[in-house]
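Read from first to last, the chains carry the letters A, B, C and D; within each, the first residue is number 1.
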Amino acid sequence: MGTTRRTIKVDTLARVEGEGALYVRVTDGAVAEVRLKIYEPPRFFEAFLRGRRFTEAPDITARICGICPVAYQMSACQAMESAAGVTVDARIRALRRLLYLAEWIESHTLHIYMLHAPDFLGFPGVVEMAGAHPETVTRALRLKKVGNDLMAAIGGREIHPVNVRVGGFYRAPGRDELAPFAARLREAREIAVETVRWVAGFEFPAIERDYEFVALTHPDEYAILEGRLAGSRGLDIAVREYEQEFTEEQRPYSNALHSRRRSGESYLVGPLARYSLNFDRLTPLAQDAARRAGLGPVCRNPFRSIIVRAVELTHACDEALTLVQGYAPPDPPAVDVPARAGTGWGCTEAPRGILYHRYHLDAAGTILAAKIVPPTSQNQATIEDDLRDVVGASLDLPDDRLTWRCEQTVRNYDPCISCATHFLTVRVDRERPA
Amino acid sequence: MAGRPRVAIWKFASCDGCQLTVLDCEDELLAIAGAVEIAYFPEASRTFGRGPYDISLVEGSITTPHDAERIHRIRRLSKVLIAIGACAASGGIQALRNRRDVAEFAAVVYAKPQYIETLAHSTAIADHVAVDFELRGCPISKAQLLAVITALLAGRAPAIPRHSVCLECKQRGLVCVLVAGGTACLGPITQAGCGAICPAFNRGCYACFGPAEAGNPASLIRRLRDLGVPDADILRALRTFNVNAEPFARAAQGLEGR
Amino acid sequence: MPDIIDRAGLEELLAVLIRRGYRVIGPTVRDGAIVCRQITSIGDLPEGWTEEQEAGNYRLRRRGDTALFGYTVGPTSWKPFLFPPSARVLHADRAADGTVTVRQSDEDPPPQAFFGVRACDLAAIGIQDRVFLAGAAADPVYRGRRAAAFIVAVQCTAAGPTCFCASMGTGPRAEHGFDLALTEVVDGGGSVFVVETGSERGAEVLAGVTNRAASADEAEAARDASARAAGQMRRTLATEGLKALLEAGYEHPRWDEVAARCLACANCTMVCPTCFCSAVEERTDLTGDHAERWRRWDSCFAAGFSYIHGGSVRASTRARYRQWLTHKLATWIDQFGTAGCVGCGRCITWCPVGIDLTEEVRAIRGGS
Amino acid sequence: MAAPAELIRPAGDPRIPRPFRVVGVRRETRDTRTLEAVTADGHPMPFAPGQFAMLYAFGVGEIPISISGDPADPSVLTHTVRAVGAVSGALCRLRRGDVFWARGPYGSSWPLDEAAGRDVVVVAGGIGLAPLRPLVLALLAGRERYARAWLLYGARTPEELLYRRELERWRARLDLAVEVTVDTAGTGWRGSVGVVTTLIPRAEFDPDRTAAFVVGPEVMMRFTVAALRKRGVPTDRIFLSLERNMHCGVGLCGRCQAGPVFVCRDGPVFPYAAVERIFAVREI
């Protein structure tokens, strides 16, 4: 027999946020090429941030991604505050954290139940899954709604909250507005623990990958809002040193940049990284749920990321409950952040991993340059590496199963393609639409 | 609409937030799935049901030559086409590129721009094909989305008022932040639909729902100047999420011209 | 002869009302203004607060004393509590066999007591009574709320800069239409309240409150205080011959001039205590088997308001502003036997661009 | 406002729609149907010519539609509806046996008494014949009370004429002069072509003792009134029916205001003298 050639093509990747395609070529039983192609059109945020006022960055960058707008708002706020040399007080910080956790609850629930679980159970999507597992889906929707409602209570709405500003908030919700969430978060926490149990029962391909994990880390808490950047191979840097360690490159087939270590290696951000680097800072309830699910303090199987997400979900509900119970409205709701020339850095843990912002400002607070690195570009190289391994180990599967498996491999990352394509600055065709 | 209408949800240049609003209808999602057949919704399902479709929800703006063609195909496949969100309705925030001149863009060319295909302008869906309804907002409001779906199911015209945010602001019993706080608020020239969220959080509306019918930006601009808002700030406010919407674009041009 | 209660008596009055099952709505400070909301103790009242008002401007200010009612009128009137911004007016349900039943919605809230109603607002309630109750078909939503409402008026002892109730003959003194009326007399240590009783229900409530009879001097002082308010009023609107003037002035150039400033944002109609226009909209659930008809506030400044097949009757802002002003001051009289304006000045203060109807009227007078 | 001759008010709560069962649907034109319905709950709707009802299509909405039936037979509720939007469209799709909901009757009626002993001129444009039909029927039923009578009717095309059979029957009568005109017509049309106002100079009524009843689009009414006045008909004996946006039908929603009047409550039928000013002002 001559050369055998097998191609796996997925023109429209489903259940990811944004538009991507997948191409895998197998020649003579070996993986010859893997491309995660992101054809989501670029939107040039970095270009048009230039010339805007520093106070506009949270609202503008939120529009990079409708799934994790709070992450963008938080990274942007912190970058601007760091440029001005201002820190917010503890109450503002607590309210920010609560808002962020609410986004985690919403986003993780969305991914676990609506985007990822159908892969394990063999459904094309959540609607079809609801037919067979109505209680499960109803439970998921209840959980998701707690996250969304909490975001709306603090931020004004679920997507692109309006209440976040550089320095804090426009208005601090009253105690009475948040108090009703205590009971709901208690229930949410139970659902989250149940979720860990449920997903732990799925079947997982036995794959272990030797990732370099990268995540924020913080001595006192499961890092979300701030911390140092840590890695499983000894990386330990301040956020402002990010660009000394990481770089981005462009691929011809994709509208998204690929991030790499300066040394050339790929690395992994997101739940697996956070979990494996910060396990002991999860709440005891979340740690316990993880142990019961059979997870050790480090997890290297990308398919098991769904369990890790559920553990983080438990943590988010648990900590959000504590924050709601101890909530005291910040007064005033924002600290003053003056315009100042300089550079500001911000990095926070979006549900999908670290989200890095850097801005240069002039003395009037005008943005001179902006750089934004979302988690999905950082993981893109790793996703392709995963695919290479997974396909290599699954060559005995028929095409349709292998295709699905490849898709699932991508979905392990909850890739947010909208995020990944926000920033290219490119050649412009001169043609105009009619 | 007889039977169970088939619905498709399409994406162009956007942040996904508007289509996420569908999945954010936690209380109604299963009822929606019962009332309509969600035939094409890649963000939620691997099943790609083929057209024609009774209703197409279109998110995002047209920014590539390929998309400019794709939207025509979608129009042909759809009985009712609904543009959802500021991107689809006016070109969205990415239409900020429309104002940059090409030379300026070229000056900030990235490493290998030849890999990327894009148009010079980000344009609304209605600039390319006929649009039956338009849901405004960045993002759209869940309530309005449901209002449109239930109206189409029942065969009535959706009640999507085109008046200002102020009506909703007052119906909600909020205190006007412009009058009582001197805060710049674009509510009087912005279309209602959000429920006046920003004034409820003690902030001025930043016009994410685009221009209201019969708004009078010129008059509001005079007032904002009297309040001491610098022209540059007013300009930026008009040129953000609906920069390409005609009344805002014209008002901004007028301000710049003086 | 009126009675006198002190601050403790006022607290008792509130308690009596709450005990009688009323949801008490009163003035309170919120989001930088004095608004009407549910209150549960006199601690909720805007003690020591007053406001500055001018066309398009409102700012809270400290008074430097402990007056509880030392302000004039805030952005909210009592309208939302009698004529809610949105209300379900009809249900229709389709059964499995296809038969539809239609029911009127009649969910009255618990009875409400309005605490601190000014003369202008009392007059406004009187006007809405004519609109909603006097016609062939009384509005059930309004009727239920109105019949149950207990009204504690507060006499104005100072006029705000946008007030012109004296011109409209609606204030500053409330003579009737209340159950109880208070005049706050501020002295060094705190306030006492001269109480007039306007109804049997009022007398019954007052009987549960520690009070004493007012002396002739105290009663006199209360009247004087109102008279002072009238004397202070700077804004005026000359109503003499106004109806005829406006009827003849549909093509006055001033309408174009004001349309250049008007935002058509509808704030004036929303804050106005007499504006009553509404829309009724159909809503259905996702099964399509349950329909509801909801009424919501609408405004003559909205295009949809005058829409008929083919377009809006009043397409221009000029026509919409003209409709509003001529309705308030002229055609309202044809329709309901009274003007539709009570001179509370809200539309002046709360217009984001400060359009002042008294100014517009002056311009139309001057130019005709 | 001249008091309407006869004021009929709804029985029971005027705001609750009552069910009516369709017993007949007649296709008038491409987009217009006449519905005949009987009460489904024992409450028929007696009415006076010119009054209207609020018709409710479940899940779609409620709109004002004139009652176009015979006032002498209150057991049948008749409406002629032109499908221009969602609610009118839904009503036009009703079939025999279906139920719709109606409340009313509302508004003023044609003051036929004013016409007693006088010449009567009825001028209709397009769908405007619907609210005039009850008037014509009442006129014919008491024909001896009036002097000469004309029905002048204009439509855009022959296909858009309502009540064609009935028009033929009326035309055959000696005591009613029926003149029909269309704006444009194909070769098959043998009647007159031109706007309805061209018929007015030709009708030989005595302006001093004439009552005129006019319904049609607002421009048509404007020109018709002008033509009638030119002939010398006094403005207080020209009556017309106004159309405005209406949501409540009972004078509460404010939408149907035209200057000083509420069309739903004070109208829809007005003597021209009372609304002359409204016609004089654009966008009122």
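One rule holds for everything that comes next: a contact is a pair of C-beta atoms (placed from the backbone, for glycine too) under 8 Å apart; a residue touches a chain by one contact, two chains touch by 3 or more.
Since the model is a prediction, treat every value here as computed from it, not as a measurement.
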item: Identifier of the chain whose CA centre is least distant from the whole-structure CA centre; value: B
item: Two chains sharing the most C-beta contacts; value: A-B
item: Interchain centroid distance [CA atoms averaged], chain A/chain B, Å; value: 25
item: Approximate Å spacing (C-alpha centroids) for the pair chain B, chain D; value: 43
item: Distance from the mean Cα position of chain C to that of chain B, given in whole angstrom; value: 36
item: Distance between the centres, which are taken as Cα means, of chain C and chain A, whole angstrom; value: 50
item: Touching two or more other chains - residue numbers and ranges from chain B; value: 154, 156, 202
item: Residues of chain A whose C-beta touches two or more other chains; value: none
item: In chain D, residues with contacts to at least two other chains; value: 59-61, 85
item: Chains touching one another, given as label pairs in label order; value: A-B, B-C, B-D, C-D
item: Contacting residues of chain D [partner chain C, same complex]; value: 9, 13-17, 19, 56, 58-62, 84-85, 99, 101, 243-245, 247-248, 250-255, 257, 259-262, 265, 277, 281-284
item: Touching residues on chain B, where the partner in the complex is chain A; value: 11-21, 23-24, 26-27, 29-30, 33, 38, 41-48, 62-65, 67-68, 92-94, 96-97, 100, 102, 105-106, 108-121, 123, 127-128, 138-139, 142, 194, 197-198, 200-203, 206, 208, 233, 236, 240-241
item: Residue numbers on chain C that touch chain B, as the complex places them; value: 30-33, 35, 56-60, 75-76, 80, 85-86, 260-267, 270-271, 281-288, 291, 296-299, 301-304, 317, 320, 349-354
item: Residues on chain B engaged by chain D in the complex (per definition of touch); value: 154-157
item: Contacting residues of chain C [partner chain D, same complex]; value: 89-90, 92, 94, 99-100, 102-104, 131-132, 135-137, 139-140, 247, 250-251, 276-282, 284, 288, 291, 293, 295, 298, 300, 305-309, 313-316, 318-319, 323, 326-327, 330-331, 334-335
